[in-house]
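Would you mind keeping the following structure in view while I ask a few things?
Chain naming follows the written order as A, B, C and D, and within any one chain the residues start at number 1.
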Amino acid sequence: MFNLGNFLTLSTFGESHGTAYGGIITNFPAGLNINLEEVQHQLDRRKPGQSSIVTQRKESDTVKFLSGIFDGKTTGTPIGFMIENENQKSKDYDHISKSYRPSHADFTYDQKFGIRDYRGGGKSSARETVNWVVAGSIAKQILPANVEINAYVSSVGEIFCEKPYQDLDFSKTESNDVRCPDAETAEKMIARIKEIKKEGNTIGGTITCVIKNLPIGIGEPVFGKLQAELAKAMLNINACKGFEYGSGFCGAKMTGKDHNDLFNEDFSTKTNLSGGIQGGISNGMDIYFRVAFKPVATILRPQDSFNSDGDPIIVEGKGRHDPCVLPRAVPIVENFAAFVLADLFLINKLRKYSEPL
Amino acid sequence: MFNLGNFLTLSTFGESHGTAYGGIITNFPAGLNINLEEVQHQLDRRKPGQSSIVTQRKESDTVKFLSGIFDGKTTGTPIGFMIENENQKSKDYDHISKSYRPSHADFTYDQKFGIRDYRGGGKSSARETVNWVVAGSIAKQILPANVEINAYVSSVGEIFCEKPYQDLDFSKTESNDVRCPDAETAEKMIARIKEIKKEGNTIGGTITCVIKNLPIGIGEPVFGKLQAELAKAMLNINACKGFEYGSGFCGAKMTGKDHNDLFNEDFSTKTNLSGGIQGGISNGMDIYFRVAFKPVATILRPQDSFNSDGDPIIVEGKGRHDPCVLPRAVPIVENFAAFVLADLFLINKLRKYSEPL
Amino acid sequence: MFNLGNFLTLSTFGESHGTAYGGIITNFPAGLNINLEEVQHQLDRRKPGQSSIVTQRKESDTVKFLSGIFDGKTTGTPIGFMIENENQKSKDYDHISKSYRPSHADFTYDQKFGIRDYRGGGKSSARETVNWVVAGSIAKQILPANVEINAYVSSVGEIFCEKPYQDLDFSKTESNDVRCPDAETAEKMIARIKEIKKEGNTIGGTITCVIKNLPIGIGEPVFGKLQAELAKAMLNINACKGFEYGSGFCGAKMTGKDHNDLFNEDFSTKTNLSGGIQGGISNGMDIYFRVAFKPVATILRPQDSFNSDGDPIIVEGKGRHDPCVLPRAVPIVENFAAFVLADLFLINKLRKYSEPL
Amino acid sequence: MFNLGNFLTLSTFGESHGTAYGGIITNFPAGLNINLEEVQHQLDRRKPGQSSIVTQRKESDTVKFLSGIFDGKTTGTPIGFMIENENQKSKDYDHISKSYRPSHADFTYDQKFGIRDYRGGGKSSARETVNWVVAGSIAKQILPANVEINAYVSSVGEIFCEKPYQDLDFSKTESNDVRCPDAETAEKMIARIKEIKKEGNTIGGTITCVIKNLPIGIGEPVFGKLQAELAKAMLNINACKGFEYGSGFCGAKMTGKDHNDLFNEDFSTKTNLSGGIQGGISNGMDIYFRVAFKPVATILRPQDSFNSDGDPIIVEGKGRHDPCVLPRAVPIVENFAAFVLADLFLINKLRKYSEPL
């Protein structure tokens, strides 16, 4: 319960300033040569301190695998992994142990649990996503090699990447700090983030994710629809406020005549407003979805608030915070989506009866 | 697996033109006086044939409870229920047994399963939502009596209800056929749907749902965030293309300074861009979210397509179809949300340790 | 939660004197030609009134399939089924609505739930097992055709079938009322049950179940060991008091030297004290286990007891009760085991990675 | 899937000669002062090298908590823990990388997964139970303080503790190396184990577990019966061959008249052949069950076998192995049972509806 995945499952643990993060992946198929460099590479993409527009917290974010892999291959038994926290400084946080920061989870955690680890947000910190990146980047290796999952920053504040994804070259996504494959837009986004950072402010944005070559048939008909599993995963990412796929909210303005995707002879479709999914099941066309992220709640400016005793206080973020979460969220979205796909991909193998030999 | 809910769970069955729909609700608390009229009332709100702007299929949609309720009270044991299909006409569908209708699930079901019940879309029919309305309207009765869940049609095509939800009187939602509480907008929406219907076309729209008085603390920190569970539920509804809560996609354009919700002394917040949820947990403010629905794929106009043999065909919807799914989706959204809330509400009771007596 | 199965799952509903029993099987593979006669045949084997040594309650126990099967084949979508209760007589039970019968669940249900359906034991009635027989007899059809699951009554009271299972001819199990394949022992068992019945008393016994030709590799290493899943299923059967497999409790008296099963060259083993399972995983040898059933609690003799008000009462069973549950439990054990095996059989298909094509 | 528990869940990882064992406990209630010394104490009871009659493998078995506990209290978020392996010696095992040891899981793991970590049995090693002891000893702290869970060795080979559990003083269990509270029997058992050890042989036995003061109402009616959850847990313990509770297999020889437990006026029962459970639900009487363990498969004597190439080989255990697993299994049984009880205890709190305030 409250794990990720249905057959392939991920349990996780860890708090921002605890000893370590980590997780357990269950039911991973045996005999797969795991590319561990790729896992570390994905973690490095998410890591703080990569550029001037993200937080300068120092963490090497090195993943250690503790079980389930032998001689480089998965053994089919649970994969345990751990990422140690190196930069935990409990003292940094003592003064805010009673503070309720606006638009943070301090108040709700206290109300729900009657206790919380207040250091760096404790469990509510987005640092939890290191676990998801590890799990997703391993899970992706289950998928057919030609499946491509490419996310990119499609807007920062009011600056949008106007080009449709089809016109973008995803090999350029990593070529700039903001991870927008359109160089011109990227430049504007970076300038905007720097401006915002200078003001001690933060800014939101959207990420678009495109999945190519996913086999037909992935997703389950009733409560396991592909879009629902993706939406659930995305809305579990900290700061995520919305999810749409295919025509999304724009599709709600359209008529059936214009929205329907007519078939080609090979059962591909002439248009793809459906976003590659029909009845909850992949149809072989590109799957694409868009995720909204609110601006980071921690701003480096004084804000009026109250502490848990009800006394008025001033809270003011200090030091190492992201002015914009979007660039670092790109690998999170990609790898989290990969986990969902791998889970449903495995399950789909059981959905058609085949004569046992 | 692929049930709805985590502790309180719903399994369902049924196809559009099979014998019956039905479901089983597990772990329902014992001793609750169930208001069965309310359940039937919710079903009636979803029922076809209620007005001129929805499908004229005739179904009485009468729910029968088969277990788990004794002398009007829940017994704590599984609640089985059934809604018989009265209007199934297999012959209506024989001629399309091989047709692949555009933007329907015919092709994907065939590919995934190698077989499908082609009568009225079989399992992919939105008639499945009768089960969810039954389950949700029972589950809602677990929640505190003052919890209010009000959904309404907030847009049809390009026609938007411009008023914020705070300015609407939800007691007016049922006063018109389209279920928009703003009479003026409702009139325009209805006119638009009638126009679309005359053209044999269909149209999309959005539903906004507002939850008031939900206790603080509902939702789980990591993979069971309240917004994620709601998103998953909504994206499982047929034709749903997107979900946003609180500031949603608009919030992605904002800065932290403007987006943060400052506290009042009583820990309510001055603004509510967060949409009543912090860190995945309800904070006592209104929860509100918006759901996008694409236009119904079945249009009463000829469309080019192919059958499963790859032969070109013309498909053309006949007779009893919804020109706009939105009015009937209002009770689906409300009751489906209720199920999610009831599940997380129960779970939350276990999250704080209390000395056993 | 509290369904049967891990991937292939069964949810059930129904009370002894409610409207109907039924269930939903989820994740059944598509495209299998279901032998529905076989399902009814298994139900008939469990049915009351088959012989003079079982209860004379009249129930036709006819199963209706409501979904998930189309043109005789599974569609991959949930299979809903129902068995209507024909012989419910609420009035029979009014007088015992407050009685606590010795060694029944009346008291514990009242304490747990604060309410119970007292008619015929309500949910605690073993009539629930009709659901399991339906689900198991369908699930069995997923297994390779050569898998044989044979249960038989191996003891009634002090009368034991002394022959090892290897010396028995399972085709003889159905040739007598007690379902012991050894004719001579069967005769003694039947005589003993008739004697017991005449006294208004009841008697316990054991069932042995033998599974042949199960493929190697079924069962999961840690919490899904094959023996654990079988034990859990069996201990959920009403009146079951114990489970042992392979050498069982006798094996606890042995030394390693005598207990170890040495390999033959083909990796079969010379002995099979392990009972066909090593490390929770089937090894290709026969799987065999033994299940203990206590005597039925309802006896046709006066017993001192108390009602829920704490007043002393006399309870005395009337009419239609089983003097010995064993004969009817044989198909329950077999089919329940089949469900467990089918679930783990499907899961095992995903445990070895295979290059996607 | 394949975790332990229904609401309170445990995921685990680790192999005998990998880096570490560990686990994640989800849904633990917040605000409980955890007695960590007690957890380590339980681990120490299970630890190798405690006496001359158990394995001399050296492991300090020190548990580290990595999350979910803050200032000594649980925070309600996942509890991650780890036990590092100190004594892993891969070289010890190279020579047996292809050997199939009789009555071990070498063959079945290879067949199932196509690969295995052959060092010390890899995942199939009973060292996995360190995780269960940690999880169980924490979970026990959720239960009311007066709940007592006492297991003891009730037989070793043919030597039985003849006294009923009611006549034993459980405070004596730890006073001897074999963990049988009856000093005289303990002495015989120890002598027998030493004899067996000298022969390089091993021996089986049984453990009896008694649970006192469990509240009434624990256990779920259909697939979550208390005895079934206990049986599943026990049969997942390595070397376990059988489970019986209450009258168990002996009850199968009895008649209803003798087996029924008549009520006292306070709804306790005059006898307790039911073993404290009716209809799957605790009734307030002592719960007692018995678990059979086969002799350890590794013997320090030559045995004929085959390697994975089909070549005949001689296998012979070396060094540090348990001649009898029973003494160390006592804390495993107790703590594993505690986890099951805590899970069902929490769930039971939700089964009766109570008016929300």
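Definition applied: contacts are C-beta pairs under 8 Å (C-beta built on N, C-alpha and C of every residue); 3 or more make two chains touch, one makes a residue touch a chain.
Since we're looking at a predicted model, the values are computed, not measured.
> If you tally the C-beta contacts for C-D and for A-C, which one comes out higher?
More C-beta contacts join the chains of C-D.
> Match interface A-B to one of A-D, B-C or C-D, accepting only the pair for which over half of the contact pairs are the same residue numbers.
That would be C-D, since it shares over half of the contact pairs of A-B.
> Roughly how far is chain A from chain D, centre to centre by C-alpha average, rounded to an integer in Å?
Roughly 39 Å separates the two chain centres.
> Approximately how many whole Å separate the CA-defined centres of chain A and chain C?
46
> Please compute the C-alpha centroid of chain C, do the same for chain D, then give the distance between them in whole Å.
Roughly 26 Å separates the two chain centres.
> For chain A, which residues are shared contacts with two or more other chains?
Each of 1-3, 6-7, 12, 27, 30-31, 74, 76-78, 112-114, 123, 221-222, 351-352 in chain A touches at least two other chains.
> List the residues on chain B that touch chain A in their complex, please.
Listed in rising order, the residues of chain B that touch chain A are 1-4, 6-7, 12, 100, 102-105, 107-109, 111-114, 123-124, 128, 155, 157-158, 196, 199, 201-206, 216-217, 220-225, 227-236, 238, 240-249, 251-257, 259-263, 265, 267, 269, 273-275, 277-283, 292-299, 301, 303-306, 310, 312, 348, 351-352.
> Using the touch definition from the top, list the residues of chain C that touch chain B in their complex.
Per the stated touch rule, the residues are 1-3, 6-7, 9, 11-15, 18-24, 26-27, 30-31, 64-68, 70-71, 73-80, 82, 112-117, 122-123.
> Show me the residue ranges of chain A that touch chain C in the complex, using the header's touch definition.
Touching chain C from chain A are residues 1, 7, 27, 29-32, 74, 76-78, 142-145, 215, 221-222, 346-347, 349-354, 356-357.
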